[in-house]
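First up is the structure itself, then whatever we jot down about it.
Note that the chains take the letters A, B, C, D and E in the order they are written out, and that residue 1 is the start of every chain.
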Amino acid sequence: MIKEQTPSDPTKTAAGELSADVTDVKNAQQGPGRRHGRSRLTAGQKPRWTAWAVAGGALIIAAALMALIGFNIAGWLIITAILYVVAMYVTTTIMENRRKATDGLWTNLIVGSFLIALIPLISVLWTVISHGTPGLTAPGFFASDMKGVTGITDQKTEAGDLPLIGGIKHALMGTLLITLAATIISVPIGLLTSIYLVEYSNDNSLSKVIRFFVDVMTGIPSIVAGLFASGLMMFICQKILQMPPGSNVMGFSAAVGLSVLMIPVVVRSTEEMLRVVPNELREASAALGVRKWRTTLKVVLPTAISGIASGITLAIARVVGETAPILVTAGVALSTNFNLFKDWMMTLPVFIYRQLMNPTAPMAPTASEERAWGAALVLIIIVMLLNLLARVVAKIFAPKTAGR
Amino acid sequence: NNPGASSSGAASGSAAEGGSQVEGTLSGSGATSQEAAVTAWQTGLAATAPNVSVQYNPVGSGAGRKAFLAGSASFAGSDAALKPEEQDEAKKVCGPDGALNIPAYIAPVSVAYNLKGVDKVQMDAETIASIFTGKINKWNDPALVKQNEGVSLPDTKITVVHRSDESGTTKNFTDYLTAAAPKAWTYDVVEKWPSEINAESAQGTSGVVKLATTTDGAITYADLAATGNLGHVSVKVGDSYQEPTEEAAAKTVETAKKVEGGSANDMAVKLDRTATTAGTYPIVLVSYHIFCSTYKDQNTVDMVKAFGTYVTSQDGQKAAQEAAGAAPLSTSLSDQAKKSIETITVAK
Amino acid sequence: MAKRIDAVDLNVYYGKFLAVEGVNINIEPKSVTAFIGPSGCGKTTFLRTLNRMHEVLPGSHVKGNVLLDGDDIYAPGVDPVTIRSQVGMVFQRPNPFPTMSIRDNVLAGFKLNGKRMSKSDSDAVVEKSLRGANLWNEVKDRLEKPGSGLSGGQQQRLCIARTIAVEPAVILMDEPCSALDPISTLAVEDLINELKNQYTVVIVTHNMQQAARVSEKTAFFNIAGTGKPGKLIEYAETSTIFNNPSDQATEDYVSGRFG
Amino acid sequence: MAKRIDAVDLNVYYGKFLAVEGVNINIEPKSVTAFIGPSGCGKTTFLRTLNRMHEVLPGSHVKGNVLLDGDDIYAPGVDPVTIRSQVGMVFQRPNPFPTMSIRDNVLAGFKLNGKRMSKSDSDAVVEKSLRGANLWNEVKDRLEKPGSGLSGGQQQRLCIARTIAVEPAVILMDEPCSALDPISTLAVEDLINELKNQYTVVIVTHNMQQAARVSEKTAFFNIAGTGKPGKLIEYAETSTIFNNPSDQATEDYVSGRFG
Amino acid sequence: MSSGSSGRAGDKFFSGLTLAAGIVILAVLAFVAGFLVLESVPALFAPADQISAGTSFFTYVFPIMIGTLITAAIALLIATPIALGVALFISHLAPRNLAKPVGYVIDLLAAIPSVVYGAWGMLVLGPLMVPMYDWLHTYLGWIPLFGEPSTTGRTLMTASVVLAVMILPIITALSREIFVQTPKLHEEAALALGATRWEMIRMSVLPFARSGVVSAIMLGLGRALGETMAVTLVLSPGILTANLIGSGNQTIPSEIALNFPEAFGMRQNELIAAGLILFIITLLVNMVARFIVNRHKEFSGAN
């Protein structure tokens, strides 16, 4: 119902219950004024050190097992974790009861899954940051494009005769413009469509058809989306607008292709977010004689805004890193182009991809690689800022925090 | 854009005259492998024709040829000349004389390996084919030991790394194997590595090079310029073994025959993979620029001429050599190319 | 301002389930009418048909007519929103907007409809409505706090304030005092008494004394058994219903031990 | 089964806001205790501290002790789950699980104990609990339907049924009859009377008669003014509170016009 | 009845607008579908000798279809439980002041472009997996899934892990937003019955979030099925094999991306037809998912 309160509510409980897990029975009698022995309320709880003991045991047994099959740190930690989770479950079942054990088991699994998720996160981020920093910090990295940069200059850079020259201005502009255009196309369409599905359609057959197509759209390979957009724009430009051949290669075509990929994400996530808005609120508003469209805009959307913002961010993140559909729609450019409707454009992912796959100097790829990773880092930072922006927007419109 | 442009105009005359007046954007698309060279030419052309900018979309040779045939690219960069049926199709956009294949540069394809402590290996075509089909899978296989006296080959597993994408390099390499080792290489001339052969693969030239560089015992085939620290197999030509070099590659192309059936100015060549002439290296890739013999408007013709002439000029060839490691065309080929490009005109 | 309401042969359905059957009732303007009856007999359901709130539930529909000052609100082409802005409603379960502050909750009827008001006007409306619902003193210092941080009774009064703020011609109240203490109940009853000078008020209540105290007429609904539809058993002057009902069921119900 | 509850110097906070101050109260086992007081005085808030439900709201906490049969439920190391399975609660606002059928709603707490039950056992529990809450007849034919398709009063009774199904030692009821008609109210009061033979029952009510009818002892809470904390003013035998209160505020409150 | 006609027009306009948006989507998709079908037909009915595989289109597409399904299935199997775990961790377990930054950090994973995932997969993950594959082969080699291990780590398994990492934030972010929306009232109902935290989650949070979680998973699956660049960079493709830890296998998007640039004529139709097959797979999977969700529609959480 309310955005911020909910996560925290069980959180509080969580804290209480977690500490309960590890609190020594003996502490119970410290309750002021209670003189008698142990509290019945904490009777039968396992002592606080159980978790540590089990963890220690798991470490040792895992080490022993690893000794048998050849030691390595990763394996050791994995086996320890598994042993710990299982042993805690068994111990708690024996010392307390199955329900607590199950609760503990799931808590461990959930925390475990979080820790597991951190591993690739850290690894990827580390890879990008460590490879990307030199490029990112090169002077003029943001201010220059690749015009005039050739294998000759890159060889000099690799030899140490020149600083890293050439930058991502063109790609950065391209990414921002194309993504912005795609967002402007798909977010309104996606939002309105999901509003139609949830608020207006009454589950009629048209809504079923729309849902059906949106579902299909989620699995469309990005390259196919690009090919489609390029075909469509070629048709529009050449057949309808009578423009010369090749004029369909422009930033806007790429935006169209990306929209095909973005729309299903926006529709589906928004649809789910709107669906969980309590009907109570819609009724309260309707009973005040408020028109449905106003109810939708002022009551339903704000209630779901945080989820919608997340969905849109995901959708943007999904397409901002696309390579293949851009290549076939917007081409590859070396210099900065601010016009979405004319001439080719570069984007960061294409830049990264090209620089990695086909270094400017095949015999001295270091410079290209530095630029590529630097660009990757920039791309991540852009989406990060976007994410932050989405959260701020969500925060402004989101329900005020409150209790019950 | 700078006065130096005219002073460096030692380049071929007509290009300079035409080039300084024309302006506009010339779009091409095609082979990924040309990307580095085209980048160098884009920059170099700015000196002779400051107002012409060239944009090049490295979508792949096939897609590039398709874009060219569809009229959305003014020229295509391609690892292979137009196929006959494509040449027929080209008449639609280029007029009755069709399109011209002009060699843009030559790239020796190195059979490159990564083997600790071994910096010189010699093989004949048969051995190469056996390795790439998996029949030979140890570096100290007798067939190898026999050809490499004095080299101590370790008992390392051979990891074959091939291109996972369709590629002109693969096509030229398998063309060589088919011609030179028909017994061991039972597959066809293919752009896509036969999936029946179970081996490692990676996308793109840099992909295979990177993978081979990080895998001990790996062997692959790639554009010589991009092979970095890998060792190069010397390939048996006639009775001796020839290392891949730019000169050897250029020599191979010079002795190649022109493909028959094309128009007089078409310069598509058919390489002789089994030539025994000493000093030639048989695994060579000729990268073409494909132009129309006629264009609709004079400006495009001028731009195409400016670009084409520059690319095939000594300057252009040098720029590509320095920047991208491409082997330059020989002087005679370069002259021939210039003549062919001169014939491009406006459609009547 | 006040309007009369007449229901003619009204059947109310949840999907295929007939929840209320054959109601005929005439509600006078400027009067208070009480709906009483056992839980589940269809009071809420019927009440919600009077401002077309019933139909917002998927599959729900009515047969028959409801006339608002003689015009059928279920006639084709009638806009339910027009009806709802004339016929306001307080729900059985308090439902303040969690997205809004207490102040905005009261002003919701205006703000959501995009009406612009000067600060002083809106302050006046907020104070008047909250005073009417006997909530002003408790919340005047925290008008900017979210409406969901209130006690159950406070939330209920907030919803009352929100409804009367827009001054609809008819006000439907579904057990408006169920969560209220005697003092607030009294205040709300006073409010109802005041409202009836200008508006038509319909109130659902389980509290017989309350019905007796505030209403001029009382409608008794009953249900024959589970799965059967609820029916309007008797509708008469409140004094008649409580002192001299014509139906046995009514007599049994009103003479039962009071809640 | 029944347990006694003692609150010692209990202060209850919402974040920094002190909602209830200095409560000392001893609730006898096998008895019914009524909490009365004006809306917003902290009855719900205090009630929720008795089974540690208060702390699930972010920032909410208590100071002081609550003893369940002499053991402090706020002592470090005490698992709130243990407390809550011994101290059941019916909320002020009915909250059946919308994703469960009526039957599953009743069994929701019961199933937690993880015991495998035969169909007939669980059928028996469902019937017994629903009969106790006077809902059986109305829903027996649609046990597999979702719990959210019930009338307000039915939902409230469903929540009562769900709570008594698990047979907790202490049952806290927050205005359990607020949405009920007199008949159901009567039934629930009967249920309470029956429950007190085995369990400790605490009930919050705005209905003085109800307090008088069902409870042995009554606690009167009051609030001095807005922003001030609620306080326990007087706690005594119900008859004393209603007939002979020692505090003026109590007397004023209980002698007011009844709701 | 007098009706505020201006207000009503607003309603009409807005609902018309939403309908129009829906129809635009339909139109676009109909175009995409039409485009795919048109371009595919030649390949679907082409004589055997024009098909690159030499037999028929379906024998060509079958192995890569299976490869796609296996990759996506493994990715989903890995990602779903972890993603839901992380979502629950953020919504119901982590202390309040930790939950937000953690959520933010996980969202970062979504921000990473697929090229970078691909590069990471081939640079870091692949080599890292090699010893594990060796280990698996040594001890579990009798299972056909763990055949001759790859020396480079560029295998279907690695690709699946990369995909899992890529779809993890999608599933996490959406599920988390839904979990957070669980009405407090229902969570309290469960807790008051003496439910442990996990039981509360199972009783009120998960049922409430069901449909949303399924949608999140479907979006993740869509990404896994359609991902091009990461697989292309990570996988060393080959013929269909049961061996997950050796080179071999291929997915449809990667097949398209690798071969489309050089494709010509019928080969292009073939590749697009492969895209059509992927379309159909996505459709079937989604239909099943919708079916599962709709079975319990009556018991939805919004009421």
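Quick notes
Simple rule for what comes next: a residue touches a chain if its C-beta (ideal position, glycine included) is under 8 Å from a C-beta of that chain, and two chains touch if they have at least 3 such contacts.
Everything numeric in this text was worked out from a predicted model, so none of it was measured.
Touch-path distance (fewest steps) from chain B to chain D is 2.
Chains touching both chain B and chain E: A.
The chains in contact with chain C and with chain E alike are A, D.
The highest number of C-beta contact pairs joins the chains A-E. Nearest to the overall CA centre, using the mean of each chain's CA atoms, is chain A.
With centres defined as mean CA coordinates, chain D is found 28 Å away from chain C.
If you average the Cα atoms of chain A and of chain C, the two centres end up 47 Å apart. Per-chain Cα centroids separate chain A from chain E by 13 Å. Looking at chain A, residues 1-2, 5, 8-13, 17, 99-100, 103, 279, 291-292, 294, 356, 401, 403-404 sit in touch with two or more other chains. Shown for chain D are the residues in touch with two or more other chains, namely 14, 56, 58, 80-82, 93, 112, 149. Looking at chain E, one finds that residues 7-8, 11, 96, 183, 185, 187-188, 191, 196, 199, 208, 257, 260, 300-303 touch two or more other chains. Chains touching one another, given as pairs, are A-B, A-C, A-D, A-E, B-E, C-D, C-E, D-E. Across the interface of their complex, chain A is touched by residues 25, 27, 29, 32-33, 35-36, 39-40, 42-44, 46, 53, 55-59, 63, 67, 70-74, 203-207, 223, 225-226, 228, 319, 322-325 of chain B.
Within the complex, the chain E residues that touch chain C are 1-4, 7-8, 11.
Of all residues in chain D, those touching chain E in their complex are 51, 53, 56, 58, 80-82, 84-86, 88-89, 91, 93, 95-101, 108-109, 112, 145-146, 148-149, 159, 162-163, 166, 168. Of all residues in chain B, only 32, 59-63, 65-66, 83, 86, 157, 159, 164-168, 191-192, 195-196, 198-203, 207, 210-211, 214-215, 217 touch chain E in the complex they form. For chain A in complex with chain C, the touching residues are 1-2, 202-203, 279-292, 294-295, 298-299, 302-303, 398-404.
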